[in-house]
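Here's the structure, in structure tokens; my notes come after.
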Amino acid sequence: MSDIANVATGATVVALTNVHKSFGPLKVLDGVTFDVARGDVLCIIGRSGSGKSTALRCIDRFETIDSGEIVVCGRKVHDPALDLRALRQDVGIVFQSYNLFPHLTIEENITLAPTCVKGTSKAEAREQARAALAQVGLSDKIQHYPEQLSGGQQQRAAIARSLAMRPKVMLFDEVTSALDPELTGEVLKVIEGLAADGMTMVMVTHEMGFARSIADRVVFMHRGKVHEHGTAAVLTTPTTPELAQFLGTGL
Amino acid sequence: MSDIANVATGATVVALTNVHKSFGPLKVLDGVTFDVARGDVLCIIGRSGSGKSTALRCIDRFETIDSGEIVVCGRKVHDPALDLRALRQDVGIVFQSYNLFPHLTIEENITLAPTCVKGTSKAEAREQARAALAQVGLSDKIQHYPEQLSGGQQQRAAIARSLAMRPKVMLFDEVTSALDPELTGEVLKVIEGLAADGMTMVMVTHEMGFARSIADRVVFMHRGKVHEHGTAAVLTTPTTPELAQFLGTGL
Amino acid sequence: MKINLDFGAILERWPSFVSGAIMTLELAVIATVLGTAIGVLGAIARRSGHPVATRVAAFYVESIRNTPLLVQIFLVYFGLASLGVKFPAFTVAAAALTINVGAYTTEIIRAGFDAIPKAQIEAAEGLALSKPQIYWHVVMLPAIEKVYPALTSQFVLLMLASSVTSQISAEELTAVANYIQSDTYRAFETYILVAIAYVALSLVMRAGFYGLGLVMFPRRRRLGTPL
Amino acid sequence: MGGSLNVNHLAFLANGALWTIGLSLIALVGGGLAGFVVALARISPLRAVRILAAGYVQLIQGTPLLVIMFLTYFGLPPLGITVSPLTAASVSLTVYVGAYLGEIWRGCIESVPKQQWEAAEGLALSRTQRMMRVILPQAVRIATPPTVGFMVQIIKNTSLASVVGFVELARAGQIINNALFEPFLIYLIIAVVYFALCYPVSRLSRRLEASQGRPRLSVETA
Amino acid sequence: DLLDDVMKAKKIRIATDMAIPPSGMMDSAMKPTGSDVETAQLLAKDWGLEIEWIQTTGATRIPNVQTNKADIIVSTLSVTPERAKVIDFTKPYAALQSVVGCLKTATVKDWADLKDKTIAVSRGTTQDTELSNMKDRNLKLARFDDDATMVTAAVSGQADCVASSATIVNQIGVKNPGRVFEPKVPIRNFDLAIGVRQGEPKMIEKLNEWIAANLKNGKLNEIYKKFHGSELPPEMRG
């Protein structure tokens, strides 16, 4: 298959091919196909319930799929023989609700996975944590507990936690929708920085302005299908009435 | 005092005069003065923590104030002799988090207060519920339970529940901020309809576009003070740097 | 060493077992109903903010929860007698069990009340409902729904614990068993049957509470998420 | 027979109270270990293990402790296993407390939000690492107040060990009452001693609850 | 063989309920005492054995010997055919004189007067069985778990009649001078015997010898009189 060949050459990092997925009687993904090249930022937009989160979660194998194929960094995600933990070392995922571990300090949150999973030494992991926190502008909070941070700071810490694993791809699922407009700004700035550094990213977002300014490619999902697909330009000149309507009400 | 005189003539429905309020050491309202004329829509905008919700809650006596005066429909809200339940029959309030009663159907949610408080007969209350639900475009959900409704539908049901009490003033506190853009649209449409019908409304909102299109007057709060105050025009031509900055980051 | 289990002599007396089981169930049902009433009132008292009501309720709850039921039963039974008040054993047993379980339900229902979001109460206040109306329409049912599993487990435990009322001559299941086993000296057979009977009774109670839950919480039934 | 309450009686009661405390500690340690296993078994990925554990919990929670004690002490010897009273009491209390603590702790583990599991999974932690490093530390905090609260029930329930020959607090009181016939006085003394043992534990559990701002929803035996 | 084992160990394990005065109880120094206790002590002395007391409750007397946790039971066991199916009994060493006792002031003379009166009884005792079988007499029974609770009920006023031994009936007035009980209606006498688990004929035989000897020499009667205040029935004293 061509997608896999592409991965081998290093061009395509994430590829979904004709993915189907149902929850019971509900068809949530109905033949979804898209791919993401190394260093690109792909934004997934669409109505609530259109399957955006599910698509993202399938990429990191948080959901199984019914048919189709997903390849991430050359790994077939739904191969039963897949080394799940290896996949997750390559892929970082950040959710809407931060999900920092409340019983650990920010530093411990960040060093946990590198020391446990990669066997990084404590000292080195701490060094990496410091670097990751600097990247998201949170160096002064390293010894704090999550509940001592504002929502935006927590979200940035969660991003740093994923970054410390040095993933090849980052997945973001509506990482700003629990935040007020001001805190949203902080987080988006961090993501912009990552994009500028050339990180490959897939993000589900409701922030059209942000998608416009950062996305290399945009996927508009509608009823479990990829309804439009193109560069950020589709956000200004939609070609289907559904996307036009979505953008119209979107603000 | 002139405000009270105004109320007597029917022009001013809500009037705050030099209202102060602290939570412990934190000054939240610091001399707030504004009023709302019958049939007007007043939008309160401002940063998180600037005291918007507190101002709104003081109007319906969910908070006590330290000094100043609030008059609603001719009633001194902070008079110890105030008949609280009479005030709340005149004032409807809708919160960000819907707060429908989860164990009651939508119809029961709506008929509860009219039957309990006003002694309306069951049949009549049911009639009113149907009318209020039609007004918010939810007639088909009358026998559903809240959790069976989407966020936007729940919020509209909450509005219908308040409307069924036939209040003279409606207060809305960020009624759309828990919703995604599309559901937001539904709710805003309902509020527009109410405005067109001449309902007096005070709303705290983050939706600048909406405020622009619907507000008769706008109050910009900043650090517990009314920092700017004017018609919707201030949103396009702010006169203070704080409002200009707020509008810049506000989206 | 061997014991020949012979259930014949015991099973012959099944009518006594049945009547004992019925009394156990009666005690459990009475204490459940009255205990729920006490629990609701106690929980309201504990949250009332009224200094006397709060303290009385707290004293009641603490003194019951921190002493064994058996001791409470003796104190009620012999205490009443030394005041010259005489009731049938069944009445005293039911009263003592009610007082006991009332303290636990007070705590559980109070937790249910505390679990009702403040926003719900504010919403009701905003609709001009009075305080009693809010308690009745907005707080009570959802609170009980939230703690329903804990509450029903408590009542099943109460049923098991009712066995100690045999000490004050209530003829419930354990009393019947003690009678039969000291009359026949077949303790094993008796205790095995009693264990089976108690497990069966607790299943009956759980089934009953499940059914009651379906009636009390129509929303759960309609949404297919019964407790 | 007869006489009045003297210092020997009080010493006898004190000795009974010591047994009450000792048995409570045994129950807590044994039941704690059993409860841990039960809790893990109840959320095991293996269906058979889950069903087995659920059956165990149902059975034990439906049987009075007295009956469990009796069957352990007198029911095992015919099967060729000799048990001393101490062993029998320890085994019964372990089996009994394990079922209750297991259920309490399962609830606590499950009340750690699902997102925490997912976040840990997304960081490539193994199942054991997720459990030990992320879930259990959080569950322990949630579990402390109801566990301490359940301790009170254990203290009271050790009274049933009299069936295997232990003269603990309640039985000691009964024996003395049978010599003196002063039920009101003696049961009042026993009530006070139990209260003195239990109340500090109750208070502790409440304090822990308050410090977590979490209402009590745990189940208690009478 | 049980007898050999006991003799070899020089120790005998005796199950007794210490909560059924005056047969088994604690004295003011919290030492075991009572008629059963002294009987057992006499036995041990005669046989040159040491005693290990096995504390039982009413419900666990029998299982204790069945499961070899005790060698014999000396604990007011009265003999019935039903019970004899489960354990073996020796010849009687004492007798239980059962009566219905009521308040001294009550006008009770015979069974007819007891109709509609509540009679307290110890659950599962022979008195209980006996009265329970008198269906045509319309007796109302209140059963308590042990003698002590029953007496306490009478002392405290929860019961106005008790069915028990004459000794216990007399005890009530001692505890509460305001409520003096006296025996009113005799039930009948029950034989009390030592219990041994089934299949130990040598032990039974040896115990029977010992009982016969001590009934003859009056020692058992002495013990009985000391605690129960009356002599054993003449036919028993032989």
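A, B, C, D and E label the chains in the order they appear, each numbered from 1.
Keep this in mind: a contact is a pair of C-beta atoms (placed from the backbone, for glycine too) under 8 Å apart; a residue touches a chain by one contact, two chains touch by 3 or more.
These numbers come from a predicted model, not from an experiment.
**Q** With a step meaning a move to a chain it touches, how many steps does the shortest path from subunit B to subunit E take?
**A** 2
**Q** Hey, how far apart are subunit B and subunit C in touch steps, shortest way?
**A** Between subunit B and subunit C, the shortest chain-hopping route counts 1.
**Q** Tell me, please, which chain's centre (mean of its C-alpha atoms) is farthest from the centre of subunit B?
**A** Relative to subunit B, the chain with the farthest C-alpha centre is E.
**Q** Turning subunit A onto subunit B with a C-alpha fit: angle in degrees, nearest 5?
**A** Answer in degrees: 175, to the nearest 5.
**Q** Tell me which of C-D and C-E has more C-beta pairs in contact.
**A** C-D
**Q** Measuring centre to centre with CA averages, how many angstrom lie between subunit A and subunit C?
**A** 52
**Q** Taking the mean of the C-alpha atoms as each chain's centre, how many Å separate subunit D from subunit E?
**A** Those two chain centres are 37 Å apart.
**Q** Subunit A to subunit D: how many Å between their CA centres?
**A** Taking the average C-alpha coordinate of subunit A and of subunit D, the gap between them is 47 Å.
**Q** Which subunit C residues reach two or more other chains?
**A** Within subunit C, residues 1, 3, 78, 82, 187-188 contact more than one other chain.
**Q** Two or more other chains touching the same residue: where does that happen in subunit D?
**A** Counting only residues that touch two or more other chains, subunit D contributes 70, 74, 77-78, 183-184.
**Q** For subunit B, give me the residues that contact two or more of the other chains.
**A** none
**Q** Taking all chains into account, which pairs touch?
**A** Here the touching chain pairs work out to A-B, A-D, B-C, C-D, C-E, D-E.
**Q** What residues on subunit C touch subunit E, complex-wise?
**A** Going by the criterion above, the answer is residues 1, 3, 9, 77-78, 81-82, 84, 86, 89, 166-169, 171, 175, 178-188.
**Q** Please output the residues of subunit D touching subunit A within their complex, sorted ascending.
**A** Per the stated touch rule, the residues are 113, 115-116, 118-126, 129, 133-134, 137-138, 141.
**Q** Spell out the residues on subunit A that touch subunit B in their complex, using ranges where they run on.
**A** Those in contact with subunit B are residues 47-48, 177, 180-182, 185, 206, 209, 246, 249-251.
**Q** Where on subunit D is subunit C touching in the complex?
**A** On the subunit D side, the touching residues are 59, 61-64, 66-67, 70-71, 74-75, 77-78, 152, 156, 159, 170, 183-184, 187-188, 190-191, 194-195, 198-199, 202, 215-222.
**Q** Can you list the residues on subunit E that touch subunit D in the complex?
**A** Touch list, subunit E to subunit D: 18-22, 25-30, 54-57, 59-60, 63-64, 66-69, 146-148, 151-152, 155-156, 171, 174-175.
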